[in-house]
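Here the chain labels run A, B, C, D, E, F, G and H in written order, and each chain numbers its own residues starting at 1.
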Amino acid sequence: MLLKQGQTLVMIGDSITDCERKRPYGEGLFGGTGKGYAAAVDALVHTRYPELRARIVNMGTSGNTVRDLKARWETDVLELKPDWVSIMIGINDVWRQFDQPTIPSSHVYIDEYESTLDELVARTKPAVQGIVLMTPFYIEPNRDDAMRQAMDRYGAVVKRLAEKHEARFVDTQAAFDALTAHIYPATLAWDRVHPNMTGHMALARAFLDAIEFEWF
Amino acid sequence: MLLKQGQTLVMIGDSITDCERKRPYGEGLFGGTGKGYAAAVDALVHTRYPELRARIVNMGTSGNTVRDLKARWETDVLELKPDWVSIMIGINDVWRQFDQPTIPSSHVYIDEYESTLDELVARTKPAVQGIVLMTPFYIEPNRDDAMRQAMDRYGAVVKRLAEKHEARFVDTQAAFDALTAHIYPATLAWDRVHPNMTGHMALARAFLDAIEFEWF
Amino acid sequence: MLLKQGQTLVMIGDSITDCERKRPYGEGLFGGTGKGYAAAVDALVHTRYPELRARIVNMGTSGNTVRDLKARWETDVLELKPDWVSIMIGINDVWRQFDQPTIPSSHVYIDEYESTLDELVARTKPAVQGIVLMTPFYIEPNRDDAMRQAMDRYGAVVKRLAEKHEARFVDTQAAFDALTAHIYPATLAWDRVHPNMTGHMALARAFLDAIEFEWF
Amino acid sequence: MLLKQGQTLVMIGDSITDCERKRPYGEGLFGGTGKGYAAAVDALVHTRYPELRARIVNMGTSGNTVRDLKARWETDVLELKPDWVSIMIGINDVWRQFDQPTIPSSHVYIDEYESTLDELVARTKPAVQGIVLMTPFYIEPNRDDAMRQAMDRYGAVVKRLAEKHEARFVDTQAAFDALTAHIYPATLAWDRVHPNMTGHMALARAFLDAIEFEWF
Amino acid sequence: MLLKQGQTLVMIGDSITDCERKRPYGEGLFGGTGKGYAAAVDALVHTRYPELRARIVNMGTSGNTVRDLKARWETDVLELKPDWVSIMIGINDVWRQFDQPTIPSSHVYIDEYESTLDELVARTKPAVQGIVLMTPFYIEPNRDDAMRQAMDRYGAVVKRLAEKHEARFVDTQAAFDALTAHIYPATLAWDRVHPNMTGHMALARAFLDAIEFEWF
Amino acid sequence: MLLKQGQTLVMIGDSITDCERKRPYGEGLFGGTGKGYAAAVDALVHTRYPELRARIVNMGTSGNTVRDLKARWETDVLELKPDWVSIMIGINDVWRQFDQPTIPSSHVYIDEYESTLDELVARTKPAVQGIVLMTPFYIEPNRDDAMRQAMDRYGAVVKRLAEKHEARFVDTQAAFDALTAHIYPATLAWDRVHPNMTGHMALARAFLDAIEFEWF
Amino acid sequence: MLLKQGQTLVMIGDSITDCERKRPYGEGLFGGTGKGYAAAVDALVHTRYPELRARIVNMGTSGNTVRDLKARWETDVLELKPDWVSIMIGINDVWRQFDQPTIPSSHVYIDEYESTLDELVARTKPAVQGIVLMTPFYIEPNRDDAMRQAMDRYGAVVKRLAEKHEARFVDTQAAFDALTAHIYPATLAWDRVHPNMTGHMALARAFLDAIEFEWF
Amino acid sequence: MLLKQGQTLVMIGDSITDCERKRPYGEGLFGGTGKGYAAAVDALVHTRYPELRARIVNMGTSGNTVRDLKARWETDVLELKPDWVSIMIGINDVWRQFDQPTIPSSHVYIDEYESTLDELVARTKPAVQGIVLMTPFYIEPNRDDAMRQAMDRYGAVVKRLAEKHEARFVDTQAAFDALTAHIYPATLAWDRVHPNMTGHMALARAFLDAIEFEWF
């Protein structure tokens, strides 16, 4: 696995990452990494590699867009001096365009999304050992759905930036598409966004595969 | 309008109807008819026809299927001696097949749905002046979606029964399809089922048109 | 209808407008426009004209007098750059003179009321496409009642200002008088001020008629 | 004063009497007699006649009509073996006809009111030293108001029964009319029914005058 | 009565006065003057003299000593421009010496008590029509009790200052001694300090007698 | 000490014993014996004699009189098959005569107190190794106080019964008198009944002395 | 994997299993299987084998011993007609002997433990396809610790019964010993019993290995 | 006993000391010294020496390390001008190294611990009559346990500093070892740190012995 002895991994994102994590830092006793995929990653790493003494910090914040990440990047990522950083952002950037279309100030369009994420990765890369970029997703198997199409376009941005910056890439949309081939979306998430534990575990598995976790 | 001086209308259904109505009877002071389409119907009738002194009672109960309606039909509908009864049921009958597919005891399949609804209407018709049958709906414009297809089949049952029993028919799915032609489903309902006030007003309008409400 | 494609309507007022609207801006998901006439207007506009993508923002604040509106006019109205503004204010200006007569600091007498409202309308008119002025009201059919008489005098001020500034005028008192011809005030509002949904729907209908809403 | 050494007075009625009294018996420590006129009577009696060791029990229950009093008369009045009983009932009997006119099961019309109250007084008189009958009231100075007129008719019933049974009579409506000659109703009670402390003190004073309380 | 048409009376003190009054000013709707003797005074004045339109403001604050009154005298008394001021202070000044004897910073000894109260009265007198000075009290009939003796010494200070400044004087201790001749202290107040409604009514009566209230 | 290896002590009484003990049995983890003298006894016994593995069960119930103890004696004492039983009861039996003198049904007079306590002790003695009888108390140093005099009479009953049945006797009143020689009652208990931790420790010390606890 | 298409697995146990599962049946939407190892098993099975549509029901109940399982076995296991049953019980059976040693009624000694568990397995085996027996555990690496020794003895019973009945066997103690070789117990569980997510994931992994889950 | 007439003792520490003490100063009415050993010391001193009128102030704060004590030493100890100071600190300094090993910022290693504690004692000694130094403890009888070993090393620091500064020394670990010879740790504290009342009483006894308390 890429994560080595005593290293620190900071996972940042929106509500999918947050999941009731501890404040101000999402780590430590009593569910510090929350109840979502970050907690599953944390638990699986320590269960499989107890000798590593890895430090995993969940810095997700519900409702965040990439614009919000930028505003707190210095204090919430760089000052923690991580060895690894994972980023999953973009769901709210897209969703607000569809669930409150009349409030443009809440939308983050694709150009701003790409340039901001690009800037954050470029700024971080020199200081860390590696970056993991995770796409946003929408648990909607219908690829003709307007919001799914938008989410796919944002996901393509993430893929392009991962290649540009040689970051590890996690296609979370593909992970959910594999599930929805067999499971109706409403079983996984009533709003097609906030998944149940099965969805979070799929995210954790996709993330761990990307950092070369050995399952046994 | 069909509702006449001093008449009583009982509206029964699931959470779409319920909307925090008063218990045991959904009428009277302080939001007795709840916060959904039944309340909008109640308000519009009294605003437009204050001289009618109509009595509108919301008897919806969250989570109900047609099987639950049958169990409380005597006390919750017939004993109220209504002049008019409206029924909107079936969403949970279908939804449970899709959001908890592994729990069959929570599913109401289409044969049971049709025979039960048929029985309730037949039993009620002799005692009332008229019945309004409203289809269940799913705020999903993609007609190839598996749950939408199922909901359409249940809606077709309602239409068939309305014709058989000469009841007033309300196609709520059509009312939502008219909205989703312009508005993305997530704006109307995060879970594509429980609408915001716009969705409830669309239901109220469709219902009122069916009972020949004169808008001015 | 006067409200056109993509336009913004700001509705400001006191508790009759507020009705648990979202803060700081009364719009968007999960009942952002509250539970009163502003929400009914919002729902009816989107139900009837889903293609308009109108933006309706409820900026009512419970307990406000015209003096309070003036204090927050810049941030709560002008900065939102609305195309249309509706104002319903004056109930508390009058009511405090009757329910706490010994506390003069809480009273807004008619001269201050008129000059302040006049100033707000004059200041706003150049920046918007239109203004809707709604009278305050008292759900008391007895025109000899002292507080009703006072409210009527404040309502006459609103009518005068509407004419002066060529604003759309809504006579909410007349709307309630039409209801109380058939319905006793206590059915509509225990305190003769805060109406139930029927009362709010009457306000919404009067407002929508004033902006040339087409009911079908 | 009529109340003598060690005697017990039971005061029964609706929410005007109840006022958060203790359950099951409204007496004793920590505000047992509630926060309304019964508590004021209790306090004034003990302040003025501390040597009497009178026992005052508040048995009011919010929402009660005379029909409800009858149902609990045995346990809530007779079993307490009072020396004196005061009754103030009828507000809800009338009010429900005006605030929920479409729900007839909640109305108590004047014939049932009179016959039931008559029966309760007749049944109680032999067992006690005296009965005090208090009229219901409506804090509405306009005698042409429909609900005020109804309340006056119920009050006339109380007066007639007081004369028939030689009970002490308290005209609470007259007590409020004396106040509203100078104070607008909204200062005393937002809903014109549940008075503030001033209104309760007026009730207490009228009651105490009827039992020949000596103010000093 | 001394209080005249349209005059303002400010009543200040500790928890005996406070009794859950409204903040920041203890007046107006919904129990603004609290639940204690100030509320009883307020209610009796308005019941007996509804035409006066007197303004009564309760400015008591739980836990206060005379040192606390001094700190808020400007804002909480003088800025209200009262015509009459009543002061009942000293219970906590004494009590803390007895219930937390090891914490001297919480004690206000008699010299500071007298000089501070003297200063407040002297400062206020020129601006008002009259001042009412009420003694502190202890509902302990045993005059040899150490805390009762201390309270009596503080009460004597109040009497002396009333004479010096020609203020109206209320001997609250005497009012309670009259009650405890017949009623055991625990019936009036579990802690011998915070009375039930009977005790508050005794305070109200003593106060009203001092301002020449006519009971009928 | 009298309590031997593995023996069970049941301590029963009123609120002084109860102190938020666990239900249905006052023992075990997380403060099972409550926060009062029973908990202090429990802690001191285990601290001083950890090898004893004694079982201490607090069965106090707030508000109890001896009449209440009798009603639950079988289930709450005898069925626990204790080796030792301690009883402290009587405060409420007396107190209610003084704090709610007009409600005789709440009083337990001295004859009933003596005969009931006598019966309970007689019934229990054959089944246990020993009984500890603790007097009720009143933290009032003035022996002329009416309630103190009554409490002393009830305490004398306890002493008489202890002698009659050869039970261990604890004079709790004497323990408090020793404290109040130096500490004003209000420091120990605002209501002169429910002591702070110092008072509870005095009770625990008196109890432990009676069972020959060796302090070191 | 042993679990096949459409099969049902019931997981029963104590608080380690329970973890806030849904009532009465621990399955379905909104975290029905709780927050512990059962939820992790549920999520991993559905993530890895979405096509199986397996049904996993968590029937753990906090505080249970094997005695409690027996009492609810019919309704909580057999009536669900499971294909597979997993049992992890015994922690409370042992723990109560150590954390409340003086309350013998709360202890389940090893003979009762073995015979009861034996009976439950024997009774269930004919009706199911397979049984998984999981040992109880104590997150205490010191094998000389008295409670660890007891827990090991109970674990040996489980192993013996698994062999006797040819059930799948999960050595949870071994799973924790592997963790505590590197991680101090307090990191995993403050009370050495209720693990954090890392501990639950270790349980899930051990369970899944026992049913031949293929990690990829 | 060392504590003399009217002297003040300040007890400072972490959650073991804090135990819900009053803020900002842990003294006075209604459980001011909390529910732990400080409260037991307070109660025992006043019970045994009521004439001393000693002042005991609990200044413990949950979660504190010696680093936190230093930050608040001036305001929370020196400004209180105590005659005696007791310090029990170090549990969190050690514990965080074991329960959140990956978060080094939360650890206080032994050099910082010793130098900081040394500095605090040196700074305080000239201003007080005496200092009591209490070791930290871990209710773990296994002396080979890694955290117990660390705690013993910190305890040795306390002993060394007590000798260096001629402070009174309390070996709390020895007090717990005496208990755990007979009582399993889980009976005293589920997390082996926060004791039940028995554990707190053991701390109080050890403390009182160190200040030459005479038990009788």
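What we mean here is this: contacts are C-beta pairs under 8 Å (C-beta built on N, C-alpha and C of every residue); 3 or more make two chains touch, one makes a residue touch a chain.
Source: prediction; values computed, not measured.
Colleague: Minimal path length between chain E and chain H through chains that touch?
Modeller: Graph distance in the chain contact network comes out at 1.
Colleague: So if I look at the partners of chain A and the partners of chain F, which chains show up in both lists?
Modeller: Chains that touch both chain A and chain F, as defined above, are G, H.
Colleague: Is it true that over half of the residue numbers where chain F touches chain G are used by both copies, so same, or is it different?
Modeller: Counting shared over all numbers used gives less than one half: different.
Colleague: Counting C-beta pairs in contact, which comes out ahead: B-D or F-H?
Modeller: If we tally the contacting C-beta pairs, F-H comes out ahead.
Colleague: Rounded to a whole Å, what is the gap between the Cα centroids of chain A and chain H?
Modeller: 45
Colleague: Using the average of all C-alpha atoms in each chain as its centre, how far is it in Å between chain B and chain F?
Modeller: Roughly 64 Å separates the two chain centres.
Colleague: So, what's the distance in Å between the C-alpha centres of chain D and chain C?
Modeller: Roughly 40 Å, centre to centre.
Colleague: Compute the distance, rounded to whole Å, between the mean C-alpha positions of chain E and chain G.
Modeller: 67
Colleague: Hey, what residues on chain D touch two or more of the other chains?
Modeller: In chain D, residues 29, 53, 99-101, 183, 187, 190 touch at least two other chains, as defined above.
Colleague: Could you please write down every pair of chains that are in touch?
Modeller: Chain-chain contacts present: A-B, A-C, A-G, A-H, B-C, B-D, B-G, C-D, C-E, D-E, D-F, E-F, E-H, F-G, F-H, G-H.
Colleague: Any idea which chain A residues touch chain C in the complex?
Modeller: So the residues of chain A in touch with chain C come to 99-103, 106.
Colleague: Considering only the defined contacts, which chain F positions touch chain H in the complex?
Modeller: Chain F residues touching chain H: 29-31, 33, 35, 39-40, 42-44, 46-48, 50-51, 53, 178-179, 181-183, 187, 190, 196-198, 200-202, 205, 215-216.
Colleague: Under the stated contact criterion, what part of chain E meets chain F in this complex?
Modeller: Result: residues 95, 98-101, 142, 144-147, 183-184, 186-187, 190-191 of chain E touch chain F.
Colleague: Can you list the residues on chain E that touch chain C in the complex?
Modeller: Residues of chain E touching chain C: 8, 27-29, 53-55.
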